[in-house]
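Going in written order, the chains are labelled A, B and C, and every chain counts its residues from 1.
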Amino acid sequence: MTRTHTKILLSLGTALLGMSTAHAETVRIAVAHYSDQTLPYFEKMAKEFSKANPGITIKVEEVNWDSLQQKLQTDIVGGTNPDLSIVATRWLLDLVKDDVVEPLDARMTPSFKDKFIGAFINSGKVASKTYGLPISASARGLYYNKAMLEKAGYSNGPKTWDEVIAASKKIKATGAYGFGIQGKEIETEIYWFYSLWTNGGEVVDANGKAVFDSAAGIKAANIYKSLIDQGLTQPGVTSNSREDVQNLFKQGRLGMVITAPFLAKQIQKEKPGLQYGVTAIPQGSNAATFATTDSLILFKNSKVKTAAWQFSEFLFSKAARVAFTSGEGFLPTTKEEAADPAFNDAVTQSFISYLPTAKFAPVIAGWEDLSKIVANAMQAVYLGKSKPEDALKAAALQANKMLKK
Amino acid sequence: MPSKNKSKLKRSILCWLALSPLVIVILLPFAVMLLTAIKPADEVLSYPPRWLPSRIAWENFFVMWEETQFGTALKNSIVISTLSTVLAVGISIPAAYAMARFRFAGQAGYRRFLLVTQMLSPILLVLGLFRLAAAIPYGDGNLVDTHIGVIATYTALNTAFAVWMLQSYFATIPHDMEEAAWLEGCSKPRAVLKVFLPLAMPAMVVTGIFTFINAWNEFAVIYTLIRSAENKTVTVQIVDLVAGRYTVNWHHVMAAALLATLPVAVLFSWLQKYLVKGLSLGAVK
Amino acid sequence: MSKRPLAPWLLILPSFALALFIVSYPFFNIVWQSVHEVSRFGQVRDFSGVANFATIFADPVFMTTLWRTLVWTVCVVGGTVLVAVPASLILVQDFYGRGLARTITMLPWSISLTMTAIIWRWAFNDEFGLINLGLQQLGIINQPLHWLADPALAFPLEIMIGILVSVPFTVTIFLGGLSSVPTDIYEAARMEGANAWQQFRKLTLPLLRPFINIAIVLNVIYVFNSFPIIWVMTQGGPDNGTHILVTYLYELAFRLGRPGEAAAVSLVMLLMLLAFTGLYMRMQRGEHAE
């Protein structure tokens, strides 16, 4: 080989090398643990994406929900945060205020924007700018034990709170527990909000002032209190987290529990013989349910934003979405998912049907504090330490002070 | 002599009787661990709950091993704990020697400083530690998610206890042996190495054991500093199986906890005689 | 014998330097955060002087938590010493199986505190826990008890677990102290007609005193800062009924998104501990060996 040939080959080789190394990027994504399926799913997606896009490696890190906020906080403070992360949508406000998230509107093509079901994409907006993509969505419904409720005379499940009380009395007579109330840990306050919202109450009004101590709120609290006092719930309410109440339902010892679609997946896996039904949350004066999303966000300080965005688009493609949502037992957030036969089962369709009356947690600063204040108040009520009216009034006062209203 | 044995027997019975409440309460969690770890999955949440499983579910251990990458976690725990111990004892020995053998101006201040390092709970320190680790370049990144970062932290936090323990032992070792060596013309450092340290061996072993166990069981610091699954220790993996999960597989959690505790418990039983002897004057004789 | 004044300083240098390096940055970080407004995700905003401190002192939850922390510390440390002294007196006797008894007493130390708390939480589970099962089988109760539902029951339970995990460490210290007591003095005392209680009060207790003191100081520091037991079992609830300062500050920092206030609480805790150790050491002056 002549010298010139060698030189040409060398420069070609370097050019090629340069091209490939120029595209060798790593995108780090933090995902919250939902179930045993979560990590395998994301790792599979990472592999598929890398195969289709050589030069981009995806590194997946799974974190428990309990510690996600702490991890993100330490990461952001230390400047070592990942490029993408799943976050609780309610954190978006603080993340935006701290200016650490990237606004996504500019990156979203019109067809991409159009994929999403309106309510869900709106939940990820702060000041009309989109910061979070709805990666998981859930609503709440009433699960009921078919055999127990049939015997109690409500073979399609109770429709109103009065029916819940009547059914629970009959179930109690057979030695089982009637209506499960969660009294501990995360979403304790939400469990009470089910009653508040279906009795015409609101947590905060249009001005962001706490109004859960209204007449509707007191009625809602009294319903739960009377259920507990009459022994129509599982005993020891304040030592039962959501998991505990769900376990009782799966054991067939509890007649009714309000929770999310993923319970159906758990029952399928752990107690496939259990006969259960799903109906809307019992009504007081109106129907309502709680809808919640978790958001996928892109951090502003990411050095590989384009690659990260490409992966996000991949995650919201139809195949990826169907696999994730059906695997975890969530609700579809994009229209093409919703049309997929995977979601034609009765349970998912029921939950989807409740969405029109869904309430999302308002994205206001101080929501976590408010939640804790309400949870504490309800715990005092459940323990009989405080009367519903007193507890709620005191809590609203405290909340408004915190909210500066 | 028969009567002596009889009285020892009587004393033994009395002692065990007096200790029994404590013994029962101590052994209870281990019983819970063991019984839950060997239960088949569907019997864990059975109602009414039963003490004994219908069969011994050995598969729990295998499944858990896979799920938590227990082998890797175990290796990490061993590496981190051992290195922290060696380092902590290593730098504490000269400090304890200085405190025990010399009188110098900074003595009280140093002792107070060490006590203060114990007062800052790791919960308070984690944010700052993380930032510190993130700011120190290492390899192609920083000290976050590395063994070194954790080892340095553990060493620093365990120093106070190690120095205190070693110092109390060292103070009980009389000067005569070293002084004799000095008088015979041996240089000071050599005297320390050849005469003092062998005598102090039980103390160093005991301190090492304590530091090892503290490092093995530590949670807050390593949880904050370590990210990737392949760097996690056994303690973190187990807590991860429980904290914030939508469903908890208690049989796996207990199986993991059992395996994590076993080596340390065995270490204890082997060393309990060292432990007490080492703490007393008797070691010197 | 040449006494180079430099030697002791060089000897303490490595440990001092490392400990200072690792601890000082986080410490200053806490001080810095406590006098600033800090966002949920740790961004330090405006200087706020003593605002964070004013907020926490005006917070009724903080004040009850402070009081409860004192109760927690006194009960756990006191209970530990009360259990550890007789236990070590027994364990220093010569009896069959003493080695086994000593090992068993140390066992709680072999599990991480977080794991211990997790196991006890599972044992006290209303429906599936083995404690309720055992008590029902023994006929002591006929309905499962709801151990963790009410702070009035949950907090004493947590105190007992706190005592249980502190006993091994304390017993170890006492055993060391007792082993160094020469047995002849007991012989002499017995010959002079002193009974067991008098021997204990006049001979054992004074010799044990320095060890009791160090056990109290160290235990107070560890127990005061002890996070896992209460957090794992009740998260400080229900209705903030089992919070102590360290769990409350964790909630402030990592759940409620108020790291500035959490930092202020940390400093208050540090000051409390410094005050305690300072006072206690002063009270005990005189029995330091060197």
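Observations
Note that a residue touches a chain if its C-beta (ideal position, glycine included) is under 8 Å from a C-beta of that chain, and two chains touch if they have at least 3 such contacts.
Keep in mind it's a predicted model, so treat the numbers as computed, not measured.
Touching chain A and chain C at once are the following chains: B.
By count of C-beta pairs in contact, B-C exceeds the other of the chain pairs A-B and B-C. A centroid comparison over C-alpha atoms places A as the chain most distant from chain C. Between the CA-based centres of chain A and chain C the separation comes to 38 Å, rounded to the whole angstrom.
Chain centres here are Cα averages; for chain A and chain B they lie 40 Å apart. Computed from the mean C-alpha positions, the centre of chain B lies at a distance of 16 Å from the centre of chain C.
Residues of chain A found to touch two or more other chains are 70, 73-74, 77, 247.
Within chain B, contacts with two or more other chains are made by residues 45, 47, 126-127, 131. In chain C, the residues that touch at least two other chains are 42, 127-128, 253, 259.
Residues of chain A that touch chain C in their complex: 69-70, 72-74, 76-77, 91, 94-95, 97-98, 100, 183-185, 235-240, 244, 247-248, 368-369, 372, 375-377, 379-380, 382-383, 385. By the touch criterion given at the top, residues 1, 3, 5, 7-12, 14-16, 18-23, 25-30, 33, 42, 83, 86-87, 90-91, 93-116, 118-120, 122-123, 127-134, 164, 167, 172-173, 175-177, 179-180, 214, 217-218, 221-222, 225, 227-228, 246, 249-250, 253, 259, 266, 269-270, 273-274, 277, 289-290 of chain C touch chain B in their complex. Interface residues of chain C facing chain A in the complex, by the touch rule stated above, are 39-43, 125-128, 143-144, 146-150, 235, 237-240, 251, 253-257, 259.
Across the complex, chain B is touched by residues 33-35, 61-62, 64-67, 70, 73-74, 77-80, 186, 243, 247, 250-251, 253, 262, 266, 270 of chain A.
Against chain A, the residues of chain B that register as touching in their complex are 42, 45, 47, 126-127, 130-131, 133-135, 142, 144, 223-224, 227-229, 240, 243-248.
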